[in-house]
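What follows is subunit A paired twice: with subunit B in the first complex and subunit C in the second.
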Partner chain A sequence: MDVSCERVGEVLLPGDEFSFEAEENISLTVPVKSEKVVCGPGLRRCGDRLVVCKSGVLRHKEPNVFWIDSQQRRYVPAKGESIIGIVTAKSGDVFKVDFGGSEQASLSYLAFEGATKRNRPNVQMGDLVFAQFLIANKDMEPELVCIDSSGRANGMGVFGTGGLLFRVSLGLVRRLLAPQSNIRSDLEHLFPCELVVGMNGRIWVKSASVQQTLIIANLLQSAETMTAQQRQQLFRKVQQGAF
Partner chain B sequence: MKDTPLSNCERDFLLKAIEEKKRLDGRQTYDYRKIKISFGTDYGCCFVDLGQTRVMAQVSCELVAPKESRPNEGIMFFNIELSPMASPGFEQGRQSELSVKLNRQLERCLRNSKCIDTESLCVVSGEKVWQIRVDVHTLNNDGNLMDAASIAAITALCHFRRPDVSTQGQEVTVVSQQQHSRWCLIHLFSADLLSTCSTYLLVDPCEREERVMDGLLVIAMNKHREICSIQSSGGIMLLKEQVMRCSKIAGVKVSEITELISEALLNDRKARKAGGKCGFAESMQQDRITALKKDETPVEMTDVTETANGIIQKGEAAPQTVPSPVLPVPGVGQVGQGLQNSWGLEEDDEDDYEEEKNDNNVVEISDSEEEDVVILNPEVPEKPK
Partner chain C sequence: MEVCGSLTVSLREFGCEQSLLSRTDGSASFVQGDTSVMAGVYGPAEVKVSKEIYDRATLEVLVQPKVGLPSVRERSQEQCVRETCEASLLLTLHPRSSLTLILQVLHDDGSLLSCCLNAACMALMDAGLPMSCLFCGVTCAISTDGQIITDPTAAQEKESRALMTFAIDSAKRSVLMSSTKGSFSVHELQQCIAVSQKASEKIFQFYRDSVKRRYSKSL
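Right, the complex of A and B next:
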């Protein structure tokens, strides 16, 4: 555990490992607490070692969560993540939704709020849906739902009249969705806009005019490779309209 | 693999933006993306970047027997490969409709324009002629493959050096690869790619714009402003004046692109003479911090300035709230409330005192047509890196 703590914030490559060495002096009086370590994405357990399987920066969240912050554009579905999908086909009782993965996910028409066998949801081909994964593993076809466990929509469902959809890297999406996100707070000071962020790297933005929507889309796409200072400078320039 | 489907909202947005003459990356309707030309180590290898679209062309030659019908002329062979690297929708080995279309278009452009004098390719009449083969590989598809492919093919042909031959009786020996003779390239041209979305014309569409277009008009023109070929596909109806406008635009673009190509060739020749390292591996700067630098996207901000000014103007000009005058009893006016004097104004109050709304909170974005277009990045002719 101590070894890993020291390496938080470092760039690690696949194959690097941490091992937990037993302490040399085990006290007989103080009860020894067994420490649990929660491994996030990018880390894998091999026996009693933690091995890194993706290159990136090691992050740590109290008390015992570790993960690797890596950069990629290709999305691999994971259970519970909410994504933006495009409906490609209607076959029987399910919709086929493309989310940018290797397979298309299925979305049952009953998985919408207030949908019954008679009351079908109004979903057309080519519509955008904001849904979350119910089943997402490498052995089965991924399955999406537009309701949460209590049966409420909670913001999910069909959306997207009049906005622009574009792709960014997964890292930027995670930065946008972080609880205290700098990018999001900078964006708030700019124009009023509606933003839907999918964890599969797709962002939908809608603003008052076409021009503003295009500006926001271009800003987000270029904010990927900028430092915080450059980004704030850029946003300030746009705000003043002196570009 | 299948391509990502185009959602309805994207299509609607793109069409709406095109109606307002706005493009996704901030270009004007008749602007090309940034063109970058770089050369490989061999003669005849050239890479062309048209924005994010990237293609590579390679020219090679071989001595073969000529066709029976044309014993004095050399043979030219063109091939465009759509590799899966370029787009998930392209499949390796299969001749898709797009690939057939591109191949035919390129062949027609390059043959009809007579840019290579095929009679000069003849070595021994009836027996040995040069067969020139141009292979174009698409590396990334971001729209407008046709233009990128034609620029790459022409530049590669200009760059190529054919080995000298000496004939002794019936024997033909290839002397050496180092002694090269220059091509006599008669014409250079540019295929101008336009797409029509209902009634709007766009030049150099990117991949999204290509998906929503109704039809395509390709004009191949050489630098003497002679049209070599025109092709219109998609079944769109074009007015005469639209076609004329397109050909004029093509004329302008041809001169720009020809200049770019000649400059690139000149720079490459200088670099090779100076003995410097040249070639694709050298043109990619790996160790510098600017290796992955992205170019500035010119996004039009004029609307934003107008909006800001509009807000300021409205802020100043909006009249202050006038509360209705308080007249407790006819003949008695209450002064001191609000800004209007209500003394002796009994007769006027019914018609003049309208409640003026305070519209400082409502921001209207002006769609005024008076755009003074600011060119953010002046087009600088590119040098190969």
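Right, the complex of A and C next:
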């Protein structure tokens, strides 16, 4: 029943193939379950082998999920991901939102909490919205919503009076949003701040003063290329310098 | 730089660097001896309605020479690079988007087209665009006395009677693109292809080592 692969943790390049070990003894009494393997980003199926299509580190999550962890700057929309978008146009009943992808997404004015045809949400051009993808595939125009499946906002919607929006790589954003994130816990000990993280590589920061906001923005942008030790050293230096 | 009896293939020293430009989605610089090319990739991004293709991405390649404006020679180099990239990228995953690849020639000391191909492949990998296989470029020159020289310098290219560039893919070592100049026999062409396939092994191993070094911090 174990699907194991020796190449987990190795750096793989596009075109590399790998397959899985089959069990050597097939029992005649116990029914054989077919093993399903879930391919994540960076892997494609080719017959019964998996072919790598992006360069990166092969990761594995129990029981049967494999994906390639790659460093990328350009965002490709996927259903269910929450992103920070900028409203660029209002055409009829729909807002056009730029999220950094290959085309703009549409956001209906009814997709806000408590919005009806008479009670329109207060959204202007240039506003920042935190929204989730409802439709995101390669063939259709992406569609965003600011409510979850039960109709509640759940933190989504228009935000951002003051504060600073900047771009980072997608890998840093995933590290920030991971359940036990070292970067986030290091940041908590610095200054109190408000942070909105979009999976399209955009982060919005607001802190007590403009200087602190800029410091946090610079720290996050430089944390991309540092190891954990260097990052902790830098954070400690900033903490001592500020107080 | 020279080959005797096609037993050993020697290439000039090469080096590369990834992610050196800050505003592009992917970038790389490739150096072969004294020839050096920098590549930048943008994509998948918005495309003009007149250029969009309904079921795959539109790939645009621009080659900028070191001095002057791009001319017909750069246009033919662009076509060679574009055909190679279209054969190895999975363009159907990003319909109605545009991918732009810009190659800047920093110094030309021979084997320019193969250096452009290598820089392009590293930049596409750096940008995270889905590819079905890698590709590399190898240039061979046939001198006046029939010797095959791989990775020739500009001086060797001038004295040769034939110059060939092949793009080799990593999956089956097959030829994706060939660009030839001069006169040669069929037998010499087949020899050059065999020599290029052998040289491509070194280049692919170099790709693997440099990507491994890049990801070593996060392992």
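In this section, the second predicted complex is superposed on the first by the 230 of 243 C-alpha atoms of A that agree within 3 Å, B and C clash if a C-alpha of one lies under 4 Å from a C-alpha of the other, contacts with A are read in each partner's own complex, and residues count from 1 in each chain.
Just so we're on the same page, a residue touches a chain if its C-beta (ideal position, glycine included) is under 8 Å from a C-beta of that chain, and two chains touch if they have at least 3 such contacts.
None of these values were measured; they are calculated from a predicted model.
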First (subunit B), second (subunit C), both or neither touched by A:N119: neither
Contacts of A:D127 with subunit B and subunit C, given as first, second, both or neither: first
Partner chain in contact with A:Q230 - subunit B first, subunit C second, else both or neither: neither
Shared subunit A surface residues [contacts with subunit B and with subunit C]: 225
Interfacial residue positions of subunit C with respect to subunit A in the complex: 19, 25-26, 43-47, 90, 93-98, 125, 127-134, 169-171, 207-208, 211-212, 215, 217-219
In the complex with subunit C, residue positions of subunit A that touch it: 9, 11, 13-15, 42, 44, 51, 53-57, 69-74, 76, 101-103, 138-139, 171, 225, 227
Subunit A-touching residues of subunit B, taken from the complex the two chains share: 4-13, 16-17, 20, 22, 24-26, 292, 294, 297, 299-301, 303-305, 307-308, 363, 365, 367, 376
Residues on subunit A engaged by subunit B in the complex (per definition of touch): 86, 88, 98, 100, 124, 126-128, 160-165, 204, 208-215, 217-218, 222, 225, 238, 240-243
